[in-house]
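For clarity, chains are labelled A, B, C and D in written order, and residue numbers in each chain start from 1.
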């Protein structure tokens, strides 16, 4: 089986999970108050939406990079992907939690739920990659560049540690933890873009 | 008509149905209580989400295997697929029922609703497959391997019986029935993966 | 511009509109009552879900048939399609109305809302088709069979009249109108399948 | 990386965002009143749905036009697209606001929220286009027609100004602002279609 069919299904889940994030933004009943005021007060929801959308976008770009290096997908790889996509599709739930509760007494629980989801996603992404390159390059293209493969292993490695750290921080400080999730997304966007430009220069 | 267009539509329904499952997970109003406590109490929702997502993933993999063996799709086959996808897209509803009610007095009704949906899905999958291979291999590729076709007929056969059994169990014992649905999903994931590996060995 | 990109977008809208139908099915608060009893009482929701899903599936099959006869799409054709898809994506709303109100005093309004949506969809489908074949076969493939083109014009023609009739019936009798919507879907599924088989015989 | 994968993801987001718009239309509790009366009263929701759906459709057509002129996508371009799609997927939220509040005391806030979203979308579309044609046609096909490229730059340019103007109007007059959003959509549909026909004549 080629990787094309997997890409269609995965792209569907990525696109839907990202687009469903907007359903988490709801204007609460504000009685006789002002909508403008309420819309401003909802700012954590917009930030959470943007961070989660960008995060899903980054993972989507990385998922494509990985699949582009593979010559085929076996059934084990497909099922690892099903569990990986299960995590992606779950992201709207902790995103809503974080947006709703980050500034309340229950912020820590929301921050930890968000962090656990993204840590698990990173773990499954790593398992997927290790399985593909394991067994002497089980699923790799014959012409896959060894240095590119090693570069990916290096660059995806820290993801688990970064999300795990932000999760642990969330046990004590919800808002710092949320800022870390945003910083990780920003870091990936910037480093990839800069990296992409350097590549064009080289 | 080739099977490509059907695959696009089907992949869309599979991906959306799987991703919509997350909308069933909602934090109930917990008054002045603790969010952490509520999130732990919601564990049946996470399990139901994971089992249904994995089940849809398994059926998606199997649907691809079937379409990969066909050389074309006629209109009857398309309409059988529409009814099959109608069942797939319905799965989020009984999943929410099961997650919400499995541990309550109404658990049996939820377990039976879940089971009936998956039994009907299995029935339509079988009708789809029988129609495709019927009439002397009506829609089969000319080069389809007879042993592979027989192997699929054998391996998909027990699905109806397994889901029907778990449904009947649900009339009496909701939690046992739910455990059976999870076990069926696990069985398919493991057997496929192991089978996939043996294949690579052979 | 080829028709491929339009197909991707259209298939997405078809698949999502069909899959969103399930969100219209909700168990009302039943106090200390029985879930089993409530699930049985919800049967109009299941029928409405199935009829709308099948109807969207039929229109999807027909849309494919049309696009398969075209050699290109111009911008006017694209925008007609946008308005056609706008109607398709609207279907979940009147479906929910019909499921909720068909057996109540407000059944007529729901039946008319459902009928108007499908009548408008049929009108836009016809405009799309007339535009494509107008101007001396503006967008038709050079090798499009004249008899096939005429056959499509004939077979899609009655759709508007059938839905308009059922809508008018809905002003007086909601349940009869709803039965007509189901009958129209059934008629299309059966005639297509039978037609498909005859074709194979000929 | 070719632009194909980006198109799949983008088409998914476009299709889902457009189809999710329907979830914003809800019949409020009307006590013992008449559903027919309520459905008529909901007309701003239908208009908002149609305007937003058509707007997303127009942007989708334009996005395709742009991608059709590119020979490749680099990672910077991908991430600009992620932020662009983030805006597209956000549109259902201000659409619901506008539909709900346009005729109330809070209409201005809703009109401004809608306008800011579409202005930002237009800004990101322009950034995407400028990046693609910048650096001496960084991502352009070698055979891209200079006049077509200049024509696109000219025709997309006014979008930001038009939406910014309608947003400013919204600070004072919600209903006038809403009419402007509809007029902009109508203008793009008509000019494109007329333009398309002139092209066929020429």
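In this text, contacts are C-beta pairs under 8 Å (C-beta built on N, C-alpha and C of every residue); 3 or more make two chains touch, one makes a residue touch a chain.
Computed from a predicted structure; not experimentally measured.
Listed by label, the chains that touch subunit B and also subunit D are A, C.
Here subunit C and subunit D face each other with different sets of residues for the most part; under half of the interface numbers are shared between them.
Fitting subunit A to subunit B on CA positions gives a rotation angle of 90°, reported to the nearest 5.
Relative to subunit C, the most remote chain by averaged C-alpha coordinates is A. Rounded to whole angstrom, the centroid-to-centroid distance between subunit B and subunit C, based on C-alpha atoms, equals 26 Å.
Here the spacing of subunit A and subunit C, counted between their Cα centres, is 37 Å. Touching two or more other chains at once are residues 8, 12, 16, 20, 23 of subunit D.
Against subunit A, the residues of subunit D that register as touching in their complex are 1, 5, 8-9, 12-13, 16-17, 20, 23, 74-76, 78-79, 82-83, 85-86, 89-90, 92-93, 97, 101, 106, 108-110, 112-113.
Subunit C contributes residues 7-8, 11-12, 14-16, 18-23, 25, 27, 34-36, 39, 49-50, 53-54, 57-58, 60-61, 64, 68, 189, 192-193, 195-197, 199-200 to its touches with subunit B in the complex.
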